[in-house]
Structure formats: C-alpha cells, structure tokens
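Note that the chains take the letters A, B, C, D and E in the order they are written out, and that residue 1 is the start of every chain.
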Amino acid sequence: MKWLALLGMSALIIASFQVPPALGFPEPELARIIFFHLPCAFSTVVFVLFAAYSSYRYLATREWIWEFRALAATEISLGTAVATMLSGILFSKVQWGAWWHWDPRQTSFLIVLILLGAYFAVRMSFEEEVSRARAAAVYSSLTLVPVLFLFFVFPRLPQVLKNSLHPSTTVQSGGFSQDYWTVVLGVFIMLLGTCIWIYKLHVRTSLLEQVLKDQDGQLETSGNRPTAYRVDRGVSLREPD
Amino acid sequence: MKSPWAREIGAMVRKEFRTELRSKSASYTAFMLSAITVFTLAFAFYGRELPPDAASGMLWAALLFAGVGTLTRAFVAEEEQGTGDLLRMWAHPHAVYWGKALFAFLQMSATAGLVTLLFFMLAGVGVSNYAMLGLALLGGSAALAGMVTLVSALVSRGSNRGTLAGVVALPLLVPLVALGVTAGRSAITGLAQPAGWASCGGVWCYTLLVLAMAPYQLAAVWGEP
Amino acid sequence: MVGCEGLGKRYGRRWLFRHLDLAVAPGECLVVLGINGSGKSTLLKILAGVVPATEGRCDRGSDPRLTLGYAALDQPVYPVLTVAEHLELAAELRGCSPRVEELLAEVDLAYAAGVAGRHLSTGMRARLKFALAVQAEPPAILLDEPSAGLDEKGRHIVGRIIESRRARTAFVLATNDPEERRFATHEIALG
Amino acid sequence: MKSPWAREIGAMVRKEFRTELRSKSASYTAFMLSAITVFTLAFAFYGRELPPDAASGMLWAALLFAGVGTLTRAFVAEEEQGTGDLLRMWAHPHAVYWGKALFAFLQMSATAGLVTLLFFMLAGVGVSNYAMLGLALLGGSAALAGMVTLVSALVSRGSNRGTLAGVVALPLLVPLVALGVTAGRSAITGLAQPAGWASCGGVWCYTLLVLAMAPYQLAAVWGEP
Amino acid sequence: MVGCEGLGKRYGRRWLFRHLDLAVAPGECLVVLGINGSGKSTLLKILAGVVPATEGRCDRGSDPRLTLGYAALDQPVYPVLTVAEHLELAAELRGCSPRVEELLAEVDLAYAAGVAGRHLSTGMRARLKFALAVQAEPPAILLDEPSAGLDEKGRHIVGRIIESRRARTAFVLATNDPEERRFATHEIALG
C-alpha cells in the first residue's frame, strides 16, 4: 500500500513536469503550481463539508464518535486551507508579481481561514467536555454556509469578477487541457488518501483518550456507588425544646 | 386566549424591555458605539468628500460593529447574573430565542436608523434608490440580530466570552456585509441596479436561513444542561 | 416523580458520584447528605437539568417547566425585576396561572411584592424562590439548603410547604442542617 | 522591598492579567479579534483600494472597535460579579484605578500595534513619518485606556447619575480621535507636517489631562461606600 | 474596635434603623438579631464601609484594610481566581503577609488551594471568606450568617475562629440561627 502510494507520487511528479506549460498564465512555466494549489482547495471543501455533517450528526445523536470526527475533519481542512493559501501566495508572487495582491479571492479565502481557525478558539474556551462538544458542533454547522459562499459564490459575483485577477471559471469552462486534468485529479486523489489516513489515526487517538479519562476517574473514586436507604420515620432528630 | 407561543415570546420581550428600561446599560453602549463609529468613519474622510461607493462600505461596517458590540450581551448577561438557569427551567428554548432575537431586532433597527441618519448627515452623500437601501438595511438588521443573539448564547458559558463573541460573530456575518455593501453601493450610486437587487435578495435569503436554523441550534447549545 | 439511572458526574479526573440510581415517588422525601463539597448541589442541579451529567440519564417528567420545581441557596434572581414580576414572568413562560397573591401569602412576602430582586435580603430571596418552585404545583420539587438564612418564621414556612404537599409531591432535599433530616423518608450520603 | 504603591498597583495589574488571560484561549482569541476587525473593515471596501488620507481614519476606527468595546467592562464586570465590594475593602481607590488603567493601556497598545501592523501590511499604504504615527498611537492608547477606565467606573454603580456621567464623559473622546486622525493622516501622507506635530502634541496634552484628574474622580464616584 | 454614632439608614420612606450608637471593644461579641429583612446585613455592610449610611458616622479604625475584616453569606468571590490567588491578592493590596498555608489549614480548605472561585461549593466559599476576613488579624471582624451552608465540621471551625480571637478582637455577628447566640456578650435586635 505504502509502496503503491510512493510509486503513484513519483509518477505524478514526473508527469507534472512532462505536461507542457499552460499558456493561459502570465508565467506559463510556473503554472505548475496549480497541481498543488487546486487539489488542496478541493480537499478543503471536502473536509469542510464532512465536518459540518459530523457536527450535525453529533447534535442529532449525542455520540462522542461524531464529535471526534468533526474535530479531526476540521483540523485537516484547516491544514489544507493553509496549504492552498501558501501555494496561492506563492502563485500570486510569480504570476501577479506581488505576495499579497488584495485580490477579492485572497480576502475571501482569508476569511475562510479565520472561520476555520475560530473553531478552535471556540473549543479552547470551554473546559467541560459536554459543553465544549456542543458549542463546537453548533459553531461548525454555522460556518458551512459562509464558507461555501466565500469559496464559490462571492468570487464569482459579477461586480467582484470584474476587478479580480484570479481565474475562477477555468474548471467550469473546461479551461484545463486533458493532461492537466489528469495530473490535477491524480494529485487530488493522492492528497485525499493521505488526509483520510491521518484523519483515521486522529479519531482513534481521541477515542482512546476518552476511554482513558473515564478509567482514571474510576480508579480515583473510592468505589463510589451511593445508595439511598430508608429512614425509620419514628425517629426525629429535633432536640426537645 | 393567545396562543402559547405568542404568550411566551411576548413575556420574554416584555422582560427584556423592563430590564433595559431600568438599567439603561445596553442602549447606552449602543448609542456610544454607533456614535463613535460613525463619527470616526465620517471623520476619516473629512475635508475630501466621500466617494459614494465607499459610503456603503462604511455604513455597513458601522452597523456591523455597533451591532456586534451591543447585542452579544443578550445571553452573556444572563449567565453572568446566574439567571440563565432560571430561564432554562422556566421556558422553552425557542421562546427564549425568539423573544431575545425580536428585542435585539428592535434595538438593532433603531441603531441602524440612528447610524444611517448620522452617517448621511455627516458624510453628505445622496441616495438614489431609497427602497433598495431600506430593504437591504432592514434585512441586514434582522440577520444581525438573529445571528448575534445565537452567537451570544453560544459563547455565554465559555471563558473570555466578550472577545470570543466578536471572533465568532464577525466572520460569520462577512457574507452578509459583502452582499449588503453591494446592494448599498448600487442603491447610493444608482448604478448596476440588477446586481443591487440580486444582492438585496441575497441579504434576505441569508436572513431567512439564519432565522430558520438558529432556534434549533440555540436549543442544542443553550437549552440543554 | 423524579429519578435517574446510572447517573455519574466527573469534574476533570474526580468523580463526584457514579452509578447512581434514584426514583423518588410522591409521598417520599429524599434527603441528600454529605460534607461541604461532596456534590449535593451538583446532583440537584443535574436532576433539575441545568448542569450536564457525565453519564447516565435523568427522568424529569413530560415537561420539566410544569413537572419540576427547584430552589437553591446559590440561585440568584433578576436584579431589576420585582417579586411580583418574577412570578408573572415564570407563569407566562411555563403556561400556568401566576397566583401571585396566594403564593406570596404562603411564603409571607406579600409586603414586598414591589421590591426589586437586587434589593431583597437573603431570607426574602429564599422565600421568593420557594414561591417560584411551587408555582405550578409540580409533582417533584428539589430544594437545596432550604432553611439556610431563614428566620424562625421562615423555617416554619419551609416545614409547611413540605408537609402540605407531601401526599402529591416527591421532594429531594440537599442540606447540611441536621434539623432538616426530620423531613426524610429516605436518605443518601455522598462523598 | 518595593514601595507600597508599586506593590498594590502591581497586584492589581497581575490580577487583571490572571482574570483576562487565564484561559489559554484568551490571547489567541484577542489576537484573532484584532485581525478579524481589520479584515472585516478591509472586506467592506473590497475592490477599491484605500485613498491614503482615509487610511488614518480607518486605522483609528479599527482601534476603537478592537479596544474600547472590551475595555468599558473593566469596572462594570466587578459590580456585576459583586466583587466590587471586595476591592473596596481591600484596596486604596487610586491603586485600583492605576492598576486597571495600566492593564487597559497594555492591552490597548498591544492591540494598536497588531492592528496597525496588519493594517499597513494589507492595505498597502506606505507611512512617511513613522515617529509621528507611533507617538500619536501611543498617546492615543494611553488616553483611551485612562478615559474608558474612568467611564467604566462611572457607569458601573448603576445609578442613573453614573450613567449620565458616562454619557457626558464619552463624547470627550471625540476631540481625541479628531486629533489622532489628523496626526495619523499627516504621518501617512507626509503632508502638513507642522499641523501633524501640533495635533500629536494635542493628543499627549489630552492624555496627561485625563490621567491627572481621573484617579480623584474615581475615588469620589467609586471608592466611597 | 468598631462602632458608630447616631447611625441611621433609610431606603425610600422606610428607616431600617436610626439613632444607633454602638461601640464594640476587643473581648466583646455583639450578635445582631432580627427577622428577615430587618436590616442586619445592611448594618454590617455600613459598618464595613461598602454601603453609605443615611445619617451618622462609623468608626472603622485608622486603615480599614487592616483594621476591619468582613465575611458575608451573600458576598461573591472572583470566579476565575483560585483560592490561593484570592489570599495573595488581598495580602498584597492590604500590605500584610498572605499566610496562605496557615489560613487554609485553619479553615480546612488546603486541599482546594488551586480551585477557581466559580467552582467552589457554598461551604468552601464560606471558608475562603473567613480566611480572607481574618488574614490581617484585624481588631474588628464582622460576620454575616457565618455558619449558614456549613457542615458539622465547618460550624466547629467558625466556633474556633471566634473563640481563639476573642481576647484581642471585637466581633459583630448578624445571624438568624439561634445556635449562634451562644457567642454573644451583647445582643441587639433590629426591626
């Protein structure tokens, strides 16, 4: 399995240099950044969606597993989002000649990053597990719509498109040549696989932590199983006046 | 006899009004924030008269910050007083939400009116399409009230609530601001009317979305133990 | 009727209690005993549904607003609402009749119906909370240190409140005051 | 052995730090708030870059949002918690004021630094006179901290008298902001340097005035039973 | 040494008390009695200097921070500061030595030195407030309902605190609990 992954990656790397430069870009040679840029963006969407779903499931069925899944998914989506941003910044340096161009796409994606980051601010400020889980779940279900809006809708509003340099219609209009598509998709699948692997490990660890906590607590309690006992109504503890 | 819903929500709103009228803290803060905001933003451009399509941005920024600064207290105050538990035991979460959101909406639209008035007095820009501006502002206030009320409940039992509320509420409202600003621009300049109306519709969609989801999320995050 | 099954509460690493099963029926009065910090108030708060349990589940009846009353020493009231307004608000939210005069007479607070919450003395506040707890005549009432801070007369009122409702109400009392063990049909010691 | 003053004020500042920055989230959250404030403002102006002589005003607006909103709670929170009496019994009013004002100043200037940094990083306007800008911002933060702390004490006791005092006191911030904006503008654009320095001096006079009178007013309004 | 001359307190139309002259010397313990709402706590708050009197004047000693201790049932503590931090803060502001271990041992709260104020139970909070009140060993100590909410052991601690300081300290107790009249050298009934 690992070897397969390694093989695939090396193949993709070679392929990414085999494909001809994309002439659509100011700097055709360096357009290859897109092979990293776009898959990261896509995986971000995937994990954001899944995180929102898990949060919803947690609220529906109060099972811890869903809370752990939501947490893991959000962490990974934040990671890929940062990767998108970094590659994008690099991209804008080489293509537009400035690290930060104040492009609507950049602004909106910055807010996406903040939305994802705030999830952890929320988590950190609740010390009790139950309340923390609920607050986090509700927050992440709240973020779904804004994230999707900033991700897909806002950059494509006409009045925004007109003063944005960032390409946004390449995919829909099939702007990518066949070989580009194959590489992009290949990298996307690779990335997704890796992310899912990390994600699974993450969920496992949080489950184990939870179990451990309860165990420890049990050890600390002095066999604490209080039981009610009937009192003889005849006796009154009131002192005789 | 009124329907139970009307009765419960009415009771909540009445309670909020009484509290507010007797300890004028919230309206004081609202007044303070909006006044300072508008003044500063208007002053930012004093001497040079305001490019009309920047005006909309300022207006919405002012509203956003005044709103977030004021309304986040809704549930935070309850928890700080320790009266949150009373509501939790007496009331249905949805009634609590609607009551507080309604009050917040009234407060917010009052603030919005004040801000807008001050703003156009100070900045001296004309409006070419009042209907659009009004609709956008109304929808905006509703969405602000609905969202910030929910956020205030979300953070009310966490630590350093004050800051957290801002951190959570502001980015969630950015889409609203984006749409509102667009609508405002075309309302002020009179250009790109279709786009303006579209974003006005967007604002209202966002509002409905918020108000549809919020009560259930409140029940989850605040209503239960 | 109030109860719980396999109830457990953990703060950090420490379990206050665990595997707790209770079922208090009308006519019974469960007195919760234990040293300071043993978890009495926490247990009552969990039963009242204002603090989440770590494990297990509680039975609070169909609609807790009408089936559960709760009064605790530490529970604040609204600073600016008057005594009467508290009762009206609670009644409108719960959907029962306010019975302001009747209740204030029962807890002997009628003279202060117009006093704001933040101007109430300890004992007056305790009386108001009793009135609020029994307003809907719920089948289950939870009282946390009922007679703390009350004068002679106040303690008699507590006695009357409990005795007069015994037959149709399940009581749970958390207390540090040996005096109050006289109400117990059952007792449980925590910690 | 430190002087009693140093010890008492130090204790107050330490207590504020512990209260505000206890949970590990606090500083993270505070940082995010200032960031978000700037971004949201920037967002309200998407698509059109900022005219350099408006930048100063925006900067001050951002400062006010990020700073004042939280600072007004300084004393209000004490009274709402009921811990005000503890301070009244344990401490000398002047020590309380200086402690809280100092903490507010630290918080405020940290925010100011951060906001300014982000602001100029993102807004892409150059500064032609750093010294002037820095001085203006520093003085401004001090004045804001001192003033807002006092106002918070005025309104904290809840009596309408206090609220009124607050309403009267707060517009006093307006001249400060005006001076600050003017100084900032000439610092950024590099035009009208003399006027800039003048208003920079104005900011500092204002600061000294506030800090000179505030403790006594506090002792009168808050310190006595 | 704590006292007042011609002290009077009016709320609206109602005088809680008027023309009140007190002088409690070390060795004496004044117990303030009265029904709920009669003004016991208000009197203590006025003596402590946190509530203004309507007329008359109080004597709190040269520097109330060091000459007066006050602990009341209704007095909250800082939610986020820990027990130990409360004692350190108070000591640094007053300018006396913190004596954290010593005091916590006396009130039997050493095990909770690191617990935040909002996580304290009623009885634990009461103990913390005793520790704060006696920290500077002031010549006058005011206690409002000291043993309310305390368990058996806690009530013994109250007894020890008072008895051990009798000789050098003037005590004023406001209480509804007949038990506590046993400390009285003098009594006064309000309302």
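To be clear about the criterion, a residue touches a chain if its C-beta (ideal position, glycine included) is under 8 Å from a C-beta of that chain, and two chains touch if they have at least 3 such contacts.
Predicted model only: the values in this text are computed from it and were never measured.
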*Among the other chains, which touch subunit B and subunit E together?*
C, D
_Any chain that touches subunit E and subunit D_ = none
*Which chain's mean C-alpha position is the greatest distance from subunit B's?*
E
_From the C-alpha centres, identify the chain that is farthest from subunit A._
E
*If you count the contact pairs for each chain pair, which pair has the most?*
B-D
_From the mean C-alpha coordinate of subunit C to that of subunit E, what's the distance rounded to whole Å?_
28
_Centroid distance [mean C-alpha coordinates] between subunit E and subunit A, Å_ = 55
*Mind checking the centre-to-centre distance between subunit C and subunit D? Centres are C-alpha means, answer in whole Å.*
45
*From the C-alpha centre of subunit B to that of subunit D, how far is it in Å?*
25
*Where subunit B touches two or more other chains, by residue*: 23, 81, 159-160, 164, 167, 171, 174, 178, 224
*Any chance you could list the residues of subunit A touching two or more other chains?*
111, 114, 118, 121, 125, 127, 131, 159
_Multi-partner residues of subunit E (at least 2 other chains)_ = 74, 80
*Among the chains present, which pairs are found to touch?*
A-B, A-C, A-D, B-C, B-D, C-E, D-E
*Under the touch definition given earlier, write down the residues of subunit E that touch subunit D in their complex.*
45-46, 48-53, 64-65, 68, 70, 74-81, 85, 88-90, 92-95, 132
*In the complex with subunit C, residue positions of subunit A that touch it*: 128-131, 213-214, 216-218, 220-221, 224-231, 233, 236-238
*Which of the residues in subunit B end up touching subunit C in this complex?*
4, 7-8, 10-12, 14-15, 18-19, 22-23, 81-83, 85-92, 95, 224-225
*Given the complex with subunit A, which residues does subunit D contribute to the contact?*
23-25, 28-29, 32, 35-36, 39, 42-43, 46-49, 121-124
*Could you pull out which subunit C residues touch subunit A in their complex?*
10, 13-15, 17-22, 30, 52, 54-55, 178-179, 181-182, 184-191
